[in-house]
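Read through the structure below, which is laid out as structure tokens, and then see the notes.
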Amino acid sequence: RHLGMVGLGRMGGGMRDRLRAGGVEVTGYDRDPQATDVESLEALVAALPAPRAVWVMVPAGAVTSGVVDELARLLEPGDLVVDGGNTKWTDDEVHARQLHEVGVRFVDCGVSGGVWGREAGYGLMCGGDAADVERLLPVFDALRPEGPREEGYVHAGAVGAGHYAKMVHNGIEYGLMQAYAEGFELLRAKDLITDEAGCFQAWTRGTVVRSWLLDLLVRALDSDPDLERITGYVDDSGEGRWTVQEAVENGVPAPVMSASLFARFTSRQDDSPAMKAVAALRNQFGGHAVHE
Amino acid sequence: RHLGMVGLGRMGGGMRDRLRAGGVEVTGYDRDPQATDVESLEALVAALPAPRAVWVMVPAGAVTSGVVDELARLLEPGDLVVDGGNTKWTDDEVHARQLHEVGVRFVDCGVSGGVWGREAGYGLMCGGDAADVERLLPVFDALRPEGPREEGYVHAGAVGAGHYAKMVHNGIEYGLMQAYAEGFELLRAKDLITDEAGCFQAWTRGTVVRSWLLDLLVRALDSDPDLERITGYVDDSGEGRWTVQEAVENGVPAPVMSASLFARFTSRQDDSPAMKAVAALRNQFGGHAVHE
Amino acid sequence: RHLGMVGLGRMGGGMRDRLRAGGVEVTGYDRDPQATDVESLEALVAALPAPRAVWVMVPAGAVTSGVVDELARLLEPGDLVVDGGNTKWTDDEVHARQLHEVGVRFVDCGVSGGVWGREAGYGLMCGGDAADVERLLPVFDALRPEGPREEGYVHAGAVGAGHYAKMVHNGIEYGLMQAYAEGFELLRAKDLITDEAGCFQAWTRGTVVRSWLLDLLVRALDSDPDLERITGYVDDSGEGRWTVQEAVENGVPAPVMSASLFARFTSRQDDSPAMKAVAALRNQFGGHAVHE
Amino acid sequence: RHLGMVGLGRMGGGMRDRLRAGGVEVTGYDRDPQATDVESLEALVAALPAPRAVWVMVPAGAVTSGVVDELARLLEPGDLVVDGGNTKWTDDEVHARQLHEVGVRFVDCGVSGGVWGREAGYGLMCGGDAADVERLLPVFDALRPEGPREEGYVHAGAVGAGHYAKMVHNGIEYGLMQAYAEGFELLRAKDLITDEAGCFQAWTRGTVVRSWLLDLLVRALDSDPDLERITGYVDDSGEGRWTVQEAVENGVPAPVMSASLFARFTSRQDDSPAMKAVAALRNQFGGHAVHE
């Protein structure tokens, strides 16, 4: 099996390594001359035996759409494109249609695991036609963690379902992180607790809250128990926003996911216009902060 | 009718004025020599005809409990104490019992209206025995806004019920303020809207969201349309906290009240320990803010 | 001034009445023969002097777009269309462009006030070019409540701004209603409070939480103090959803608005898939509900 | 080492087994004749060599306080009591003082792990004086999971700190469960996703959201993929409530924990008084569900 890979950054580069270690031949293309195996996308396509399979692993949005445009031009009927980036699931159908017009197949694949995936394997959620997914199984098997296939891989549904599942995965991730974070703040606020970092570490085995994220938090607290070297400024990826918007669209209550997202919004504000308004109101009905 | 009043600050002073304007004789005592009518609590008690009625209007907590202690010592059987401050409802029973031992009656009364109450009248919620409440009706009638009695006054239940109702009133108030505040921030965030202050003003008549708080917000925006002179730092009184704790205690979902309270907590933080933890976690599973 | 009005239902019919009472000539068209003044949209257009102004007051979405399609066909350059329905603000630009192609002007106008507006006046928020808005001022003045124009009317910005402001208005409305509702449930849950309906009524004058919505709640409690004849099943209009999605899109924390929306979602569920999952989890780590 | 254990239910019984397997001699007392090793608490005390150590593992509240009362009567100076139940941390100080008066030492210990702990080991968080904790280390070592001591055990602070840490642990647990649950509901709501259970299973390896709770959810979905045999009715233990109340008390924003708690409250309601109030309000300003 011989796979083309477009995008060899932190994720794509690690995946190339893991695929090769797993016995899959990979030819990679990246704009970075240090990282790339070939000089151009054209050269990549030329290097692959037909029917080709090309895995796209570049930033979501315009960059991904640009690569799909080029591949639609370069590939041949029967070839197959996988989008493994963080693409919004609604874009998948657009890309699938565009490639379909030139006879090229499309599969979307959400990839989880971050920089740790190279060693531990990547969690994979894919969407597309069964036959297309079938063609990619050797690739998926090399990328996913060892163990039963179904514990690191799912064919979640038609085109778009892979990115949709990954989106929901990230929404859940927001909630999990915020839950630990609230616990951290509460332990810190209470003088009675003299070893917050120790509590988190003690939870890593045997308890109901043990998880990989907890292990990571313990790692972080190990080198910086009070998180003094970190600012509470948290970005959010599009996926968290899409999850909440999808929940709203589908009439699904999502108080935890939305609270986690809003906490990130707030974390990036120098001052809050909303809280200015509340302060203004309190000021209006009193000047008497005490008596109302 | 002749009422004693202890505490002549912004609230107590305004209430004395309104009572006198309403035909109730008031003798007031305050530690501030400029404000007080008599030199001491003893003098206040001496000045009142038995059976006496004394309205306590001082800061909740230790100060109020101190005044109740003194009154328990000074008053005579058949006298009556009203606590009109922002006392926690659980304290009312304690005070009532303490006074009961010396034959003194007790009524608690939540008072809303802030500095505007002097002119507009104060919203009153009281708790206690029917006969005690009955004795105070002329006082309540002078304090409350004009119009039907039941539109500015309620006997909400036994001792504690007045402060409980006032506590819930304040919990609702938190939610109302936060709702307007979120709307303000959203209008401000959207370039399409070029007249945020104008929107709020346009809502003051005819719309579903018209209210007194909206009128106050329009006042605030009138002099400072972007709220530039105000910092989004918002204190919270005990009552908001008690309301959420009571909701939890009674198994009542209170997502809006708690969200409003938490927004105030957050508004006062220089940095958020919780969001430090989230940032630390994101850092751990990547350094790759983009790809996860 | 002579206005055409399409849609004479509860809102449109009430607006026709108020406009006529305010000295504006109105010719209305509705599919309902009992309500309509003319037999067809063609007849409506024929009855109006050029340059015409036609107010569209029909259900948002396909129905509104259908009417705009027809008007684009029937009207002449220089005519003007106002969409007063609950249209999503993103549709406004589409309609404006479509009409622009045939030389017809467009203004969007959010209308608040419900069935009460006929007597009390309607709160109006409009979007569009200044000259177009100017043409409509006599109509706006007749529709809005008496008093200063700016207290019942705003020109909020370009096309779409009126519906955007109305959308935010509704988001706020959700939050206000939920705040009162949580207070109601807490008072009901507490035995100490023996007169919940009385508390709400007592808040209508003098208090910080007084509002038109509170007056309406008092009306409802007056005829049904325990709300026994009402089921806690609450629909949501598109506008509440759009507000939360816009907040997310613009990075604005909206915990109160989203909590209010989610409470409505939950109110319509026979059983909650999410809570099934939580119950399943609790079951897994124990069967021992007590000890974990 | 010889430990007395009071309470041999699901948790206490499993702990006795694990302690014995770990080389700790245990004499247990339970009211259930099938479970107990001795006939009475007196017999238990008589069977233990001084200085004694007695682990109390009975329901929190009155039952635990009753056992502490009896032990205060039966034990001798130098003996030690451990409360391993789900006692509220504020009770610990009361119990410690009570035992202190008769020269008996006290340690509180939060225990996590449920029925799985017997095999996997129990996560332990304890509070008390260093010397008392030191005496119990062999017991803690036998109970906790294998691996480094600090990954399944923490001395979190003075008396009460163990139960406090466990309380926060449970608050986090609520948030984690709700996050997965919201994701489950969203995947179920979306037709595009055809294998929800498969998604959850695919997340168990390699992904950011992998955890023990996720493993349990996969177990539950394995036997009942649509959770048809489970009702979305979820109890809450005191610990979740205490966590939110403590967060409020300490000014710590806890939107995720409180949302998770409130979702449980709601899950148990036949109808929601709050949503009745919202429905009543919507009814008041219209009957026109459509137009507002």
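Note that the chains are named A, B, C and D in the order they appear, and that numbering of residues resets to 1 at the start of each chain.
What we mean here is this: contacts are C-beta pairs under 8 Å (C-beta built on N, C-alpha and C of every residue); 3 or more make two chains touch, one makes a residue touch a chain.
This one's a predicted model, so the numbers in the text were calculated from it and none came from an experiment.
Contact with both chain A and chain B is made by C, D.
Each chain's centre was taken as the mean of its CA atoms, and the one lying most distant from chain A is B.
Counting C-beta pairs in contact across B-D and across C-D gives the higher total for C-D.
Per-chain CA centroids place chain B at a distance of 38 Å from chain D. Distance between chain A and chain D, defined via averaged C-alpha coordinates, is recorded as 32 Å. Inter-chain centre distance (chain C to chain D, centres taken as mean C-alpha positions): 47 Å. Shown for chain D are the residues that touch two or more other chains, namely 112, 114, 170, 178, 180, 182, 185, 189, 208, 213, 251-255, 259, 262-263, 266, 272, 274, 285, 292. Every residue of chain C that touches chain D in the complex is listed here, in rising order: 9-11, 59, 85-86, 112, 114-116, 170, 177-178, 180-182, 184-185, 188-189, 213, 216-217, 219-221, 224, 227, 230-235, 237, 255, 259, 263-264, 266-267, 271-292.
Within the complex, the chain A residues that touch chain D are 89, 112-114, 117, 120-125, 127, 144-145, 147, 150-158, 160-161, 164-165, 168-176, 178-180, 182-183, 185-187, 189-190, 192-195, 198-199, 201-214, 243, 246-247, 250-257, 259-260, 262-263.
Within the complex, the chain C residues that touch chain A are 208, 241, 244-245, 248-249, 251-255, 258-259, 261-263, 265-266, 268, 272, 274, 285, 292.
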